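The data blocks that follow each hold one structure.
The following pair of complexes shares a single chain, subunit A, combined with subunit B in the former and subunit C in the latter.
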Partner chain A sequence: MRKEDTVKLISAEGFEFVIDKKAAMVSQTIRNMLTSPGSFAETQHGEVTFPEISTVILEKICQYFYWSLQYASGKETEFHIEPELTLELMMAANYLHT
Partner chain B sequence: MRREKKRFRENYPNMSAMYIRVKRSKTTYFLQCDPTETILDIKQKLHPLIDQPANDQRLTLVETGEVLDDSKTLADQKVENDAVVALTLRKGCVL
Partner chain C sequence: MSAQKKRNFQIEAFKHRVVVDPKYAEKTWKILDHAIHEIYNHNASGLSFEELYRNAYNMVLHKFGEKLYSGLVSTMTSHLKEIAESIEAAQGDLFLEELNRKWADHNKALQMIRDILMYMDRTFIPSTRKTPVHELGLNLWRDNIIHSSNIRSRLHDTLLELVQRERTGEVIDRGLMRNVIKMLMDLGSSVYQEDFEKPFLEVSADFYRGESQQFIESCDCGDFLKKAERRLNEEIERVTHYLDAKSEAKITNVVETEMIKCHMQTLVHMDNSGLVNMIVDDKYEDLGRMYSLFRRVHNGLSIIRDVMTSHIRDTGKQLVTDPERLKDPVDFVQRLLDEKDKHDKIISLAFSNDKTFQNALNSSFEYFINLNPRSPEYISLFVDDKLRKGLKGVSEEDVEMVLDKVMMLFRYLQEKDVFEKYYKQHLAKRLLPGKTVSDDVERSLIVKLKTECGYQFTSKLEGMFTDMKTSQDTMKGFYASLGPDVTDHPQLTVQVLTTGSWPSQSSATCNLPSEILGICEKFRTYYLGTHTGRRLSWQTNMGYADIKATFGKGQRHELNVSTYQMCILMLFNSADRLSYREIEQATEIPVLDLKRSLQSLACAKGRNVLGKEPMTKEVGEDDSFFFNDKFSCKLYKVKIGTVVAQKESEPEKLETRQRVEEDRKPQIEAAIVRIMKSRRVLDHNNIVTEVTKQLQSRFLPNPVLIKKRIESLIEREFLERDKVDRKLYRYLA
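And now, the complex of A and B:
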């Protein structure tokens, strides 16, 4: 895997998640951040910080990205969400257009 | 829905069957992989991301605490989709 094909998402607490660019592109918001014209730092370094998203939620979101790619390629499993995460997860999903 | 799936499959023809989460200190690497790949393959995938050669890396399956063997495959050692694997590095290699 080449470094250029990955992006780093950083949570409010500073934890980093390195994921495939195509997985991150499941989120319309991240897609826009990474592909918008002009030389933004996000596009160049492939790093996006989310000061409003906690680590637990951000990890869940990354898992969702991969799940969604697997689902779309024909593997029909369920995506498990802990009830206590739902509210925060929905707010993050709304922000990320996921 | 069906048509959407088909279109997706055309866009991403080689989506791997599984991924694992490799964690070290504050960083998590999501790696796409296949159950038939060996641990050495995984370490080689990590190499460009962490700038550490495969033989300086050690991977431990967090669930069981087992140290993963280079020559064995993921399936052999029961590393499943979404598994968490801890990464440690040989002493002297500062990340």
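And now, the complex of A and C:
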């Protein structure tokens, strides 16, 4: 996979998730971040730091991105969410406009 | 989050951080404010989108949305004021470029700002009904830049000046134009219309008013139209290059009004180059241009059509009333056809086969063809000429084409029954001497007439063909009954013509020479023997004969002559010299025919089997004739044509006219009776209209004539007047 096609998402604790740009762009916020006409730091380096999202949540989010792509392409499976994550996950979703 | 459907839920603060710092909002805004400055200064590369977004997000969450929004407005406004200054400072041509560049910058910055403030756009703005960031950016640009007093008028002058320069042939930067115009459109259609389109249209109208005035004074019609067309295309092209597509209709309307509508009458009637001249000179291109330009304007086409109609009517009228033309009927009709062809071609090549033009053409032809009462006769003569000789060696399709054209003229005739009369006469003159070129063509024309006017119209014509056929059979039967001893007699071919089907020419029978009387009698006996109850009379004026003659030096010739001429020549078997009076007495040929026959026997050069004294062109009653012994000819067979009056002479014409009038009476009466039978009661005016309608395929009955027929029918007790209302007629069964 070429570097331009991926993006690095970094959690509050500093964990790095390298995922497809295509998947990351499920989030409208990340999409704007990467496509905004001016070259923001994120666009230049291909990495985004989320100081307010914990690793567990970010991981779940990355899983959701891929699940969402599959779902959109017609593969209808359940996306399992542990109850204790629900609240934080929903807040992150609002932030990421997902 | 689990599904994309559930989106619009509100959520409390992401981090349960109690804001203790009262300067939190101020600090956060500072960061964002700084970022906006950096963005405008093209310095965004060091900024973190996530950080800015998070800050804006938090500000909105912490109920500082209002502060964020008003901060954005004031920061952006102050930037735009700076930009306005730098644009104002740009000199001359750089002005537009600077404006365009700044606009591009602003757009880009606006996009970035909108992206980082997206959370506000999404939640705060809809709930407080404020203007979304992008629109806000455009509005601020409009108010601070475009509508700033120093820029507004300068922009509008610059744009109009560029258009003007392009109109005068200069090359301008169309890309720049397009961008700036596009900017105005992006700012909203009202900005485009107020700040550009309206003044643009006004200036254009002035420009074209002046230009067309100048052209109309210096150019001829064709050139003017060419220029107008070019201008129109230029404007359309301009619209596609850098104006709003919606402006096309408006600007073309300006050009149409100023260059065409205001000058239509002048153009059409321009001396030496107007519409009439174009038609006369077959200028298809110019005519086509005029058509396509004028059709854009209300009433434009009707002006062309009216002028064309009156022109065709005038020339047509001249043509049909020019006594010079009337001398040669064939040429006359050919000219009509040429005229029709010419205009058909113009309509198809230049006026895109416009139906209304075709109708105008047809009605014009109908108008002027019927101005000349002899048109029916001439058209029939034209057909006669074609069928006698004109179609030899011409392919079948061409023949059909000529016939179709003739039918077209025929359709214009109002007095179709007059045509029928003449056609019958001419057909008889073709059929009897076997002078028709092709039976097929004759029949095909009759079929055409039949489809045009119905069975009734052609039944008599078809009867003539039937007679010809039966006569052939009769002759076979006759000679079979005579047996083998026929060689002694002169050969006789009789055509039995049904009275009524053929043109009745009640001419007296002349005295036939004794040589053929015998066989004539034999035929009479034979025919009446097979068909009892019939009456035979000889139509000597219609026959012809082949006779053999021996001239001086033993030269033998076969002479093809008419029956009258045969009678005259046979007299010279027993005498060498006869006076006019002697011939008249012996043959009893009617005066007019006798003179004609003698003229063609004695006066035609190369055909003068008789000599005449004195040697004049005309036959006088005191002349005397002698057998021309010196006659010689290269050919064995000599055809002596009668001097046929091609056209009818005046008395003949009157006679035919009378007969036509006579024939019309029963037709009108029949129509009246038919109508009354179905309507029982009808007033006078309605009868006249109905009768006219019924008969117009044959002729246009005169109302006075109809009235006379009604009176005659009342006299004969077919109709009666209503006792109360004298205008009403009642049908009496």
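Rule of thumb we're sticking to: the second predicted complex is superposed on the first by the 98 of 98 C-alpha atoms of A that agree within 3 Å, B and C clash if a C-alpha of one lies under 4 Å from a C-alpha of the other, contacts with A are read in each partner's own complex, and residues count from 1 in each chain.
The rule is simple: a contact is a pair of C-beta atoms (placed from the backbone, for glycine too) under 8 Å apart; a residue touches a chain by one contact, two chains touch by 3 or more.
Please read these numbers as outputs of a predicted model, since none were measured by experiment.
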Based on the shared subunit A superposition, would you classify subunit B and subunit C as clashing or fitting together? fit
Is A:Leu69 touching anything from subunit B or subunit C once the two structures are fitted on A? First, second, both or neither. first
Between subunit B and subunit C, as viewed from the CA centre of subunit A after superposition, lies an angle in degrees, nearest 10, of 100
Should A:Phe50 be classified as contacting the first partner (subunit B), the second (subunit C), both, or neither? second
Which superposed partner A:Lys22 touches (first subunit B, second subunit C, both, neither): first
Just to be sure I read the superposition right, which of the two partners does A:Val7 touch: subunit B = first, subunit C = second, or both, or neither? neither
Dominant toucher of subunit A (residue count), subunit B or subunit C: C
Minimum Cα separation between subunit B and subunit C after superposition, in Å, equals 10
Across the two complexes, what residues of subunit A are contacted by subunit B and by subunit C? none
Contact set on subunit A toward subunit C in their complex: 28-29, 32-33, 36-44, 48-52, 64, 68, 79, 81, 89-95, 97-98
Partner subunit A, residues of subunit B touching it in the complex: 4-5, 8-9, 12, 15, 17-19, 21, 26-32, 45, 48-49, 81-82
Residue positions on subunit C within touch of subunit A in the complex are 1-2, 4, 9, 11, 14-15, 39, 44-50, 53-54, 57, 108-109, 111-112, 115-116, 118-119, 122
Residues of subunit A touching subunit B in the complex: 1-3, 6, 14-20, 22-23, 59, 62-63, 66, 69-70, 72-75
